[in-house]
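Next, two complexes with chain A in common: one pairs it with chain B, the other with chain C.
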Partner chain A sequence: MEILKVHHKTRGPAAGTIGSALVGVVASGNLEVMLERTLADTECTVEIATPVRGYDDVWKAVVTDFVERASPGGLRISINDGGARPDTVMLRLLQGVRTMEAGHD
Partner chain B sequence: MTVLSNISSTRIWDASRQSREQRIAAGSAYARGKQVAPGDATKLLEAVIRPGDRVRLEGDNQKQADFLAARLAEVDPSVVKELHIVQSGVVLAEHLDLFEAGIAKRLDFSYSGPQGAAIARALKAGKIELGAVHTYLELFSRYFVDLTPHVALTVARCADRDGNLYMGPNTEDSPVVIEATAFKQGIVIAQVNELVDKVPRVDVPGDRVDFVVVTPEAFYVEPLFTRDPAQITETQILGAMLAIKGIYAPYGVKRLNHGIGFNTAAIELILPTYAERLGLKGKIATHFALNPHPTLIPAIESGWVEQVHSFGSEVGMDDYMKARPDIFFIGRDGSMASNRMYCQSAGLYATDLFIGSTLQIDLQGNSSTFTRDRIAGFGGAPNMGSDPHGRRHASEAWLKAGREAAGEATSLPRGRKLVVQIVETFGEKLDPTFVESLDSVELAKSLDLALPPVMIYGDDVSHIVTEEGIANLLLCRTAYEREQAIRGVAGYTDVGRARDRKAVEDLRARKVIQRPEDLGIDPLEANRSLLAARSIKELMHWSGNLYDPPAKFRNW
Partner chain C sequence: MTDPRHPSADTASWFLSTARERLAGLLDPGSFTEFLPPTERVQSPHLALFDLPAAFDDGMVVGRGRLGKRAVLVAAQEGQFMGGTFAEVSGAKLVGLLRAARDDAKLPRIVLLLLDSGGVRLQEGNAGELAVAEVMRAIVEARGYGVTVIALVGGRAGAFGGAGLTAATCSRIAISEQGRTGVSGPEVIETNKGVEEFDSQDKALVWSVTGGRNRRLLGGADAYAGDTVAGFRDAVLALIDRAPPFDLATLRAEQRRLADRIERLGACNSAVEMWVALGIAEPQNIRNLDDTAFAEIVKGLRGAAYDAR
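Entry: the complex of A and B
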């Protein structure tokens, strides 16, 4: 298992007030994303646990674009990866911040 | 004048008819009337086929003349040899055995799903001389010009004693092949499941059929167009939402063809849910040139689809289509009638949009399903995935695309077909879909092919859809813009990561690139609950149990 930690400054806080959310499942080609609203409004950390080695730069690129697209300030995000493709990772992250907004369960 | 009359007096004008008569006489030794016993089929083939003949073995992408294929593979290669095989689909192992044994030497074809790797090996070993990988309509056309078969081996559900053939929903390629063969003094042999007193419908008239073999087992049909909704991913659902909201809706696409992949199956399955909510019913996706995809059932049942004409049938769909004559083309006997030549023409000239997937796309937008070790063939995609310059009727979608392509520069209105490639940025085993150069270009060099096999040329492509967004290539004005538009939806592939970020953001500002958020698409909705049916069983229920899925798709 490889552990990777990424920290970003964001434009502003993530929308909504929900404290935490979990999206996805740990399965082959899939991933589980846990989001917790525990950081300062312009901070975001993403911690990735993945069984696949050698893709650090792709993970960093996905997370950088995600922060740019979603502005997930205040969120501590933990990823439990099952060997998902980058497109699936991005989709789950975007689903995660949407779930943190009110009105979704 | 004297010279001319000398020439005409020495010229034989019916050598082909004489040859045909000799072949028929030789074959008749094994026949009673037109009927040949299955045990004599190999002898029959040895009697009527001559070395170097062009032989058309019915291998479509669906039905297979499997019995005759096996018998042809058994002929004595010292008698029947160096054949030129001209057929749509190289699908069965026996099709390759012909080349291994030296019975056949040259190949012109369109499609090879499961045998793609075997063809590549045979080519590299020098066992096959490859003519070309055609689109269907192109190969059928060549049957009437320079690839007319000497012998056609076809397949039907049943025949009567005069040789009239009934093919039912699986008529497919047969009429066009048989007409080309029969009217050019060729020999037509049909394998049939049974002999009947009267066929339910004459799909091929008996006077075009020379010999009939009743086989011990029914012919094989490949369920090529069945996609199990259970395997559709959320990324594919997101792509389907993009296609509907970003292309079908703004262009008002009513007449269309879908490819056979999971991406387009996802589109079919969210018409009654997502597109319904967008208020698009009746405004998009009403008329299809399409095989009877089981995943279209929910859209048909909820009143989305007005009409479907098909290239072939699909295993298990017969009873459903029979019960829906308002939607499908149905014979007087009650069963559906397909015709690949007609439907390919319809897909070329009478649809406004083709959307399908591919394995590789390069920086110019050229696509191919060939990889280094697979000669996959293209089927109908190069035909339907092209802008027909012979089209002369207008539609809203066609004119809008034409305006976008022409920009400010035109005084003469002209339309443009929408040719959409819908892919995920990574394929199986994390193979990137976007590449600097197609594998098929390398393959063409190594095999010394005159033409690198390209499924859809970049200049025919109007849009590329990935999970990252839609690139509208019609709006690109320079080669650089085009390349950046492609890189801009290529995700985290090397091609995508090498984008000029500034150029891509400029393209996004001009709506050349549109992201899901630009179109108001909520990623949370990209969820399997959006599928009108989530399993084969649910498709069956939608059909009122008229759809009878093949065994390999029944997992309950």
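Entry: the complex of A and C
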């Protein structure tokens, strides 16, 4: 199991007020992304647990791109990976941020 | 945790939904409170030894909520994670929920089990087998204290092995056409007895034997649900007040039901032969009917309406 921790400064806080969310499922080619609003407004951490070794640079590139697009300030993001492709990872991260934006019904 | 319910939640396929999507769509909006949510990070301590990824909820979501304004306890297995398996953490979460229902009369008296599992997680075999045994005992004990336990079977993994045993211990079982239940799954039978005995690649054969329609016709399930969140909600609401008391009379009735079934159908070699023996007019046509036409056939059948379990 490879554990990767990435820390980013963001432009501002993530939208919404929901405290936490979980999207996706740990399955082949899929991943689960848990988001918790626990950090300072301009901080974002992403911790990845993946059984697939040797792709640190790809993970870091996807996360950097995600932080640039979504500005997920305040979010502690934790990932359990089931061997997802980079495009799937990006979609799940964006889905997670959108879920955190939504209001309770 | 947030509520992922959306306007199309009612018509969403139960088969294709995740455990969390099923719960969000099934329960009254905003009523779900999760026990040991993923933010607690109660994960399997064993999977890392096998270099396998864990899940923050170990593939088991437990909590309480409301269904049609009735208070319920719920447990949902995530069939996509490790086949929705019974393991140390996932099993303990389910056992804890059932024992709480048994011991605390102030908790809801209805437990819904959204089963989606091939059975015991092989990497945690001993813990998983123990979990199944403890779950079955806890269900029986809870029923003895007046708790109604309803199994909902319609996920991708079906309800096999320990999940099949668990379903059979419940007060009532609701199943969809896509749902499958049994003890030994098709691949297990084929591996042990050969492809001539049971071809697990033959989908029509697999569903005709283990699938929801056959199980409902034989009385192995008490309600037939359409493969939607709304379908399962309606089925459960219809079952909630029809659960039998867990007493000697019910167990004797169940014994009579099973003895009668094996006497009538024990010599059959295929599902169609059983449907003939049940007196169904066009047995070959069962799998082609729509849900409404199928429900009409069930209404007229003896055995499907036994008040036992």
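In this section, the second predicted complex is superposed on the first by the 102 of 105 C-alpha atoms of A that agree within 3 Å, B and C clash if a C-alpha of one lies under 4 Å from a C-alpha of the other, contacts with A are read in each partner's own complex, and residues count from 1 in each chain.
The criterion applied here is as follows: contacts are C-beta pairs under 8 Å (C-beta built on N, C-alpha and C of every residue); 3 or more make two chains touch, one makes a residue touch a chain.
Note that this is a predicted model, so its numbers are computed, not measured.
Within the superposed three-chain model, A:R69 lies in touch with chain B and out of touch with chain C [touch as defined at top]. Using the contact criterion defined above for the overlaid structures, shared-chain residue A:D87 touches chain B, although it does not reach chain C. When the two complexes are overlaid, the chain among chain B and chain C that reaches more residues of chain A is C. When the two structures are aligned on the shared chain, A:A15 is found in touch with neither chain B nor chain C. In the superposed model, A:A49 lies in contact with chain C only, and not with chain B. When the two structures are aligned on the shared chain, A:L4 is found in touch with neither chain B nor chain C. By the touch criterion defined above, A:V58 lies against chain B but remains apart from chain C after alignment on the C-alpha atoms of chain A.
Of the two partner chains placed by the overlay, chain B and chain C both lie in contact with A:T99. Within chain A, the residues touched by chain B in the first complex and by chain C in the second are 99, 104.
Remark: chain A residues 58, 61-62, 69, 85-88, 90-91, 94-95, 98-99, 104 touch chain B in the complex. The part of chain A that touches chain C in the complex is made up of residues 1, 18, 20-23, 25-27, 30, 32, 34, 36, 49-51, 78, 80-82, 99-100, 102, 104-105. By the touch criterion given at the top, residues 1-5, 18, 20, 29-30, 37-39, 41, 48, 51-57, 59, 78, 80-82 of chain C touch chain A in their complex. Residues of chain B touching chain A in their complex: 233-235, 238, 424-426, 430, 466-468, 491-492, 497, 515, 517, 522-524, 526.
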